[in-house]
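See below for the structure under consideration.
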Amino acid sequence: MAERELTYREAINEALRQEMRRDDTIILMGEDIAGGSGQPKELQDAWGGVLGVTKGLYTEFGADRVLDTPISESGYIGAAIGAAATGLRPVAELMFVGFMGVCLDQLFNQAAKLRYMFGGKARVPVTIRTMIGAGLRAAAQHSTVDYSVLTHFPGLKCVAPSSAYDAKGLLIAAIRDDDPVIFCEHKALYGEKSPVPEESYVVPLGTADIKREGRDVTLVAFAKMVHTALAAADELSKSGIQAEVVDPRSLSPLDEGTILESVKKTHRLVVVDEDTPRCGMATDIVSLVSQKAFDYLDAPPQMVTPPHTPVPFSPVLEDSYLPTPEQVADAVRGTLD
Amino acid sequence: MAERELTYREAINEALRQEMRRDDTIILMGEDIAGGSGQPKELQDAWGGVLGVTKGLYTEFGADRVLDTPISESGYIGAAIGAAATGLRPVAELMFVGFMGVCLDQLFNQAAKLRYMFGGKARVPVTIRTMIGAGLRAAAQHSTVDYSVLTHFPGLKCVAPSSAYDAKGLLIAAIRDDDPVIFCEHKALYGEKSPVPEESYVVPLGTADIKREGRDVTLVAFAKMVHTALAAADELSKSGIQAEVVDPRSLSPLDEGTILESVKKTHRLVVVDEDTPRCGMATDIVSLVSQKAFDYLDAPPQMVTPPHTPVPFSPVLEDSYLPTPEQVADAVRGTLD
Amino acid sequence: MHLKREKALWVYERMVLIRKFEDKVHDLFSAGKIPGFVHLYAGEEAVAVGVCAHFRTDDFLTSTHRGHGHCIAKGVEVRGMMAELFGKATGSCKGKGGSMHIADVEKGMLGANGIVGGGAPLACGAALTARVKKTDQVTACFFGDGGASQGTFHEALNLASIWKLPVIFVCENNLYAEASPVKYTLNVENVADRAAGYGVPGVIADGMSFFDVYEKAGEAVRRARAGEGPTLIEAKTYRFYGHFEGDPVNYRPKDEEQAYRKRDPITDFKQKVLAKKLLKADDLEKIEKETQAEVDAALEFAESSPFPKLEEILTDVYVNYP
Amino acid sequence: MHLKREKALWVYERMVLIRKFEDKVHDLFSAGKIPGFVHLYAGEEAVAVGVCAHFRTDDFLTSTHRGHGHCIAKGVEVRGMMAELFGKATGSCKGKGGSMHIADVEKGMLGANGIVGGGAPLACGAALTARVKKTDQVTACFFGDGGASQGTFHEALNLASIWKLPVIFVCENNLYAEASPVKYTLNVENVADRAAGYGVPGVIADGMSFFDVYEKAGEAVRRARAGEGPTLIEAKTYRFYGHFEGDPVNYRPKDEEQAYRKRDPITDFKQKVLAKKLLKADDLEKIEKETQAEVDAALEFAESSPFPKLEEILTDVYVNYP
């Protein structure tokens, strides 16, 4: 029997549905995650999220557990955090990660620090789902990934799946985790399909995945950039270069071991990241490897990232803003010279 | 005649005063930057900022140019940004950098991106003064540096002086700059004295300073950590190790040249940073050097930072949370083994 | 409030220009010619034009994701706007901003904003500039019923109230924030009811009637110019299209939509000026033709314009970069 | 509102315990024995105790930087609190939080908060837990007059109003936010005036009178437990010390301070319960002695406790860390 395939969007929806059936302390909150709340029944659950990811959950679980919220991210995300600290396990949606600026305090000063400040006497099992990424002509405020910032803050965890399979397993892990987890959904991946088991399963936080094995160079890439790295690897293999593609999946905690092992084997590192280059995941990985696997490196480690600029709107600009497989392949060739 | 010395606090105050005398489009905004606004005259200008940095400016420049604000950082910092875009040159105070979570949107989505999004047809000459740093037993929300996050965002500039001299020159540069600049004042340095010329001068943004010359190892350090690095260098010199201490002063833009030149001379790098280690300034510098001066490095680059945890309150914990000269010296010795 | 003939011509021209622009954009989006997130202003024309009819070029406004109407009301040229939506080098923002960041600072239009509530503090800033420079410029801050739940609205209104800033907060209550009805997101009947909590006048206007908005905005602008402080105006209005282009609009009752379509602010204005004999049918027809021609020309301009050069990615991040 | 003898004893004991604790901390800070940023609650006792007198252990509260009084009113033990201020391992937060983050989740005290306005959304969350779990627990959200300008206050009040959450928003209007008088930061007479903008009752209480706070909080708690939604109570009060320890308090008129000192809420309560013959002088004296002894013992406990081990820096960041 052929394996069942789901899209990334469907995998997320299924993870939420299965977890909500299992545990009735799980609630969902967010702007128009149902849509039409307060309207006559036939107009409710109209959207299921702005890109349809939570569609149908309101209909199944009702208004007590699927809460449309006003546009007040500090208010409702803070409420999710307060609810998590007092016995629920909320999954709140921050529609776009670029909106973190209107609620960051609740994330980095409250969710992230409560447990520490209270000497371990609190737990905050909240999951924040948020959309990341460029490619939809959504311009500077709606196209960032910015997960580097959320990874920076101690007390937060941060994951960014690149496939439907990982999305389901990581989301279930995030929901069950007793710490605040930022779950980053790349909006250009919602249509990507992969085999996804029907039953519930967990991809543990902090475990990287080798998406392609190779011996000549290690490509570390995140979310949509995993696909860019894989395309580059395909291209490179035509000239006999075997790239290993490591997908950390979880940015914080980070599976340092898998990355370091790969580099110890390949002796070369290229990081492919959609975040901007200063104080970002790319610098994080390069510096990790430079410190801990320095003696294994046969060439300077490389970063392929967008430039230190906002995301431009114009399609021609946006397309060349993002790292391309060609750029990655060039960077790899650079390390082999 | 002996050179005039000022404290870091006095140097900042003098920079503000001199610039305000020079340019009447400069206004100050912030919580209790005067104190007692709306009270009878004898109770006004009561505080001059929570740690007295802006003392006396209200008395000299009046309520039209020195504006106490309500506790609404998004509101008044956003107003400073809007004023900057329409013809003023505001200097707004975000009391502690740990409060950036309540106004980040105005910083990273508005101030930082307006010019780009508007195709170059806006300029936002705003300066945001903010206090950074641990050491005052101010606990997890009032002790961070977090400038790595502000450095991450394209469109912002970010500086962090380590001396009174640099503080005055960098603040004048920041105010005159036509871009948004975050000016980070380390609260544990306010009492530090150094010679400061009376006349106005500029320390250009993006210029590093070599605080001590040496040939054996490059220490890159920021703000208060410059002093920690200098103490380590003193210690190391007793055993004949000559450390060069590079103070970038400006985190964004970064003077890559001076750092790279130094490493090309010393062949060793230790970064000393008060920010936490993930996606921070330390990883930024390590990855810069690893990419661009790889062949000059004789040992793995090292980072000395606090752990990936919030800042603890207890004095014993806080003291050992911060990097110490001993740790820096040990890291240096590690690179020399 | 009395309207001079010249102003009435201008009003009709602006309202119709907005409508024709938005209708065209709607078609272009459906045809796959315009990318991105596009939010149309059709139906709400009386609000932007009713406020901006009191404005000078050196007055300011801040806008929202639904910014085209505010741009046109403030005098931004539609060719640059259309080119911007296409991401062309000749766009108002050189193609770098798109619909959600369309701006024209020279015209006092301080930008659409992708962040709900993001413009309110900026509006206070523009007003502060006027106060410090002792000019009588005023600033309008447009926002939606959804935006009334954001913290920035509260902070900005408070700030404007204590500093008596010349800001007019204009809530465009079109009954929905995306797919959420305002009766769900607010526990009060009117956003204007919030004004009292700041010691500021709170005024309700019929957002489907130019004359009502014009009158109420007139008093607010007078107050602001005279240094008497801010006003909160809530204009009850309705958007004719979906939240954004592509929205199936499956959360609104059809009869509600029809009822509002019948109250079309342009038709309303037309009937009133004809009845009052302020304008003639000829005047209106001429304007309808001219605006259509303007929009058509804008489209041609946009389509024939070049895309930005790739180097443009790197420019305009900073004014000064070492 | 009638008070039973037992409750009256509890009230006096809590109010005096807060006062003696704060007086002691003031002395300790002046003597250089306590580090950090410390904000004292002395003078405002009637507010925290007047609200918490209606509370069960399983009710919740969120607090502010000025949190000691809320802790004690909610039943947090003073020895742990004192040890926390010293940064000792036996502190309520193992010495990791200090005065601005003092908490006791088991007692329903969800933390002081170093961020003005930071607690308001959290309070909605605790109330949401009660609603989802269908309990009748209520949550109090304490905040200051300064906090009333923060966006989170507005967002939380709106959220609580539309979801009818069992939250009591308690504004402790002590006339100042740091050195800024409330008449400068607000353009209205009362913070309670804002409640109408959310369709929520807005009530003013005399924060220097336990009985007045107790009565008004009683109705708010009743409403909340009955599922009738939130209430905003503004308690007009005054802090007897400076904003934080070390504050020269050079922004308040001396006669104002004296006038409020004369309205000491503890004296007021004492006089009233004696006059009503609810308690006897002996009762009060006994409580005064016992609370003094408790504070003294807390100090001894704190001073003789060990500092945390250095490994503690690394723990409690996460529950699960691979």
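Side notes on the structure shown:
Each chain gets a letter, A, B, C and D, in the order it is written, and its residues are counted from 1.
Note that a residue touches a chain if its C-beta (ideal position, glycine included) is under 8 Å from a C-beta of that chain, and two chains touch if they have at least 3 such contacts.
Because the structure is predicted, anything quoted here is derived from the model rather than measured.
The chains in contact with subunit C as well as with subunit D are A, B. With centres defined as mean CA coordinates, subunit B is found 31 Å away from subunit A.
Remark: subunit B and subunit C have CA centroids separated by 39 Å (rounded to whole angstrom).
Between subunit B and subunit D, the centres computed from C-alpha atoms are 35 Å apart.
Among all residues of subunit A, those that touch two or more other chains are 70, 72, 74-75, 98-99, 101-102, 105-106, 109, 116-117, 139-141, 154-155, 307-310, 312-313.
Those residues of subunit C in touch with two or more other chains are numbered 93, 95-97, 101, 113-115, 149-152, 154-155, 158, 162, 184-186, 317. A complete topology is adopted by the chain contact network, contact being made between every pair of chains.
The touching residues of subunit B, when paired with subunit A in their complex, are 74, 98-109, 112-113, 116-117, 139-141, 146, 148-149, 151-155, 252, 254, 275-276, 278-284, 286-288, 290-292, 294-295, 297, 299-303, 307-310, 312-313.
On the subunit C side of its complex with subunit D, the touching residues are 149-155, 158, 161-162, 184-188, 193-200.
Residues of subunit D touching subunit B in their complex: 35-37, 87-88, 93, 95-98, 100-101, 113-117, 146-147, 149-152, 177-181, 183-186, 248, 250-253, 307-308, 310, 312-314, 317.
Across the complex, subunit D is touched by residues 25, 27, 64-65, 67, 69-70, 72, 74-88, 90, 105-106, 109-110, 114-123, 125, 154-155, 157, 177-179, 204-207, 253, 255 of subunit A. On the side of subunit D, the complex with subunit A involves touching residues 60, 62, 91-97, 101, 103-106, 110-111, 113-115, 118, 120-126, 128-129, 132-133, 151-152, 154-156, 158-159, 162-163, 315-322.
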